[in-house]
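This is the structure I want to talk about, given as structure tokens.
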């Protein structure tokens, strides 16, 4: 089966990473997975929130949001509605956990990094693109902190890299990196967050249409590990440039 | 290794289901997983929200909340704070998706069921207890709807049952149904939602401490399938009584 | 006239008090007035809010809330609506004032007690059941504070007990402890909060249908004093057990 | 005992009623009880809220608010805080109930009246002044509705008048119409709403310092009935002018 | 052309300033521009917000609000809606900036003045009346602060006076001080804030109907400077009385 | 005097307009004024809000927002704070008014256009860049509506073009198109919105430091008209490409 955009089941969409897109943030990346475009910025602050003071450890958190017309139909702004929706909360928390899984908070010291992931254009996979791009912004902000002397010369706050991809079963077939038109037809949808060493940080599988069995789960995990290995290679290349 | 409450790694905590606890709801259950106690009520309404009218399908949704002193330290009420936190949103959405996975919306017809899961006492596993108890409330409310004539005599809106359990790796060992003291020490924490036929509805694994590998993931899934099979049997017994 | 549940005009509904229902709170009671069930928990904290610091006095406050399906028709959650309704505010304030009326804040010292009253099931008289049960939770939390050394051995923060009951005129007849079906038909509705010594803490009479005269007011007060004397006796028995 | 402003225990403060203060509202009054000044406006609309449509009855509701610097120390605006406080809710509800007690909703027909009571200056008794002034605004708005043909020629929506006064025990002595300096010292504080015929609409007595006995309650009610009779006479005079 | 109220194009409406209207505020004025009536109060506090502490400078800010029935049709309260509208925000900010333009913050010292402008009745020009009245309240509160010793004897925090007026083009003709009926028909509407010395603090011109040219702009500015000169004279007279 | 970026007083910063940046919106432009980058999207909907239905006229509105790290220091998100700040409201309203000034609502017919202006990077002049870019998005969305048949073939909803620029007095000298470092030092700051024909839509001058006189106002207007004429030419070129 060929997919509507001509990919095979195991293909990622074209991925681009514009590292350092922002003139102001301590780290940033404009990442695209096909037509999905997410601007990731890292804000590094020396110091930690009050509840962490004096413990010698740092803090990394994330916020995700979509521009109102990043989608096909315009969505109301959450600022106008006066509250944040469940999906936004859920994804912000996922990104934060994913990044914290590769940071040694002791080595970070009493510093805080806030990662903002703003979806400029959405075509499926916004949360996985966000995590993959956020890692670049995070890595660069840590180097900024080191250059400023907020992180010791020999400290190694980054213990691994992290990337994410969506997988799903569409028309009975497991597919990698779902575009929006595939996502809405998926029977099962899974987001998998994996470190550079190939270990799982998050596995979130959801039966959208029909419950799935162990074999389907395994097929999806195989696909995902292939995709995140490719994304890890692109992250390495981006940070080396 | 024996656990602090004397269980083996593959033991559930004592489970009780007080079916029909509420005098007012169309279906209800007060479920306990050890010291975790959740009151689940189902509110059945003939009719659907405006966006579903005339489509011939029903709607099932859920809301989760914790009483302020269900926990060890009192939490501020979300009604007082004026907004719902991310965790609450996330769990409400999880419960709703889990229940919808076993309901045939066409067979339900233009009826709406709202499931409320209020945690009266929390000792780990509140979301999995909530899903397991919510299924009882849901099933009874469907029978109520059938008795009232809102659901046809031959309609079968329930296509399967659903139960959930938490599993995690604590001190390197995979454990079933984590109590709070275990949950806070877990390196990996996973919530698994499984139908009565043994199919996955949701798999949500999170590396709290260290990323996990494929073998650990498999061990956790094995444990979870054992636990949900036991819970399914208890649900069957409760509904038969 | 016999009432729909067989009571005479001067009968309370069956009252039960499950003292110590919560495994976590410093004091708790699950109280029922007939089908009305309220879970009352007391959270004792050493220390006071900033505006009271250094004054040598404590603070007691209360929050009241109803579960969404505690009522016949499901109500929207106030957390979902993002704001607390007037009735909730009013009752929370009433419970707080009623409890503070029997506490010597100097003897309490710089300690704070928050009483949560969550209505699990509502059938009229939720606020009066809440006050009556809250007193049990309050008393036990004070003993907890004494045992922990936060309250001096010879301090007597409790200067009296407090209980509450509703009374009303239904079909021209004054009745004690209105159930919901009576409450909606009442011409006049009054909530009376009385100490163990028989003194008034709050008298809140409202003409729902027709204004009332002095004789009717007196008849209602007589009924209320009888009811609160009975409730006081049950509180004494509960705390003695 | 003479009071700080020279009154005897049974004296009201000087009361003024500027009927028709507003050029825009269908009825209005700027009322003062001593230094307490409340602007009451009635907004008459033909038609009722959706939930009342087609029932042939009208609706009367009220909103109370204080200007931020109506008090000695500036209060934050509730609009800026983004939520309405419990006290505001409680008083708005009290005013609404008090007015509805003297309106025949059938005779009003499908018309809605919203009464706004905005405290321009506060010196104790703002809610009782608000009720007393709101009645004037209400009465005039009903005449406006009759003149416009929204109320039938022979309909009598007003079945009585209504006025309110505060009473309290200060230094052991029952006093009428407490000014702020008296209110803060009161052991017991009571707001009493009475119709022109001398019947009670609301009796809200609260022990601020010490619980009160039946004799004290009776003394306060006697004082209140005297005060509201005087206020009724002033209302009659104002409406006749 | 004569205007509906008989004025010529260059006439202000009758202006009255009741200085010291409030018994509680440190400075106050009830100002009217025709039927527009705004109550302005100044709250003087010794001390500054945290972010200004230790800098030796003061702070002046303003809040504007309309009573719900100050207008022809009743508006919902912003406190009830739970948020402040854009127009309210905009005008509050304008008043604050206008007042700060004539205050020497160093000479004010670490003192804070909050000006509240509450519109009791609205007939066009509420923001300009508010600024003009707020200056009176501000000036009096500064004298209060000097009398209390919070401002040094030789300090001169007021460096100029400030007044404001609206101008607009209606039916092709530039008019001064628009009443509501004129405002709604205006092609161009401009609010001009001018100091006692005749310098501009704010010029806010908006094409409501058709864009305007340089000549029209100049004609409007000429009118405005005439109007503010008159208002300045009235402020001087009021403060001298 | 040369400016920090080498411009003369009458130079705009480099302006780029990426027309059609968004794959989803009916019209869009990514506009930059130097380092200020604003993404403008137009969402065209057939139909109008309820309050306009059946009047035969359309509606154009705008929303402005800044990404949290568009600025030098990260700002909290307004969605997280739960409310929109005054500055955001003010600018959204300004953009909406500016666009409506060049649209013939009758010719637009019952169609609605929402323009979103999201600041990706901020370096002064975000509102003027937003207006200038929004016009491009608006124009393209109108052509989309015409192509879809929602706007008649001979209808001309666009009656002019519109562009905006900031001007200010810095160190006594009037400068065009202030960058952030200039803006914070400006004594007077003015935003001027001008149509393609050179007529004013908005003139908003504010004395940040010292009030300004008529000559300064005139010098600023001269500068602004030069700048908007240049921006108009760029808009024409962009739409012709």
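Order as written gives the chain letters A, B, C, D, E and F; numbering starts at 1 within each chain.
We adopt the following convention: a contact is a pair of C-beta atoms (placed from the backbone, for glycine too) under 8 Å apart; a residue touches a chain by one contact, two chains touch by 3 or more.
All values derive from a computational prediction rather than experimental measurement.
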Selected pair, out of B-C, A-B or A-F, that shares over half of its residue contact pairs with C-D: A-B
Chain whose mean Cα position lies farthest from subunit B: E
Most distant chain from subunit C, judged by the mean position of its C-alpha atoms: F
Subunit D-subunit E separation of Cα centroids, rounded to whole Å: 33
Computed distance of Cα centres, subunit F from subunit B, in Å: 50
Residues of subunit E touching at least two other chains: 82-84
Pairwise touch network: line, ring, star, complete, or other: ring
Chain ring listed from subunit A, with subunit F in second place: A, F, E, D, C, B
Residues on subunit F engaged by subunit E in the complex (per definition of touch): 83-87, 89-90, 92-93, 97, 101, 160, 190, 195, 197-207, 210-214, 217, 221
Interfacial residue positions of subunit B with respect to subunit C in the complex: 22-25, 28, 35, 39, 41, 43, 63, 65, 67-72, 74, 77-84, 88, 114, 116, 118, 120-121, 123
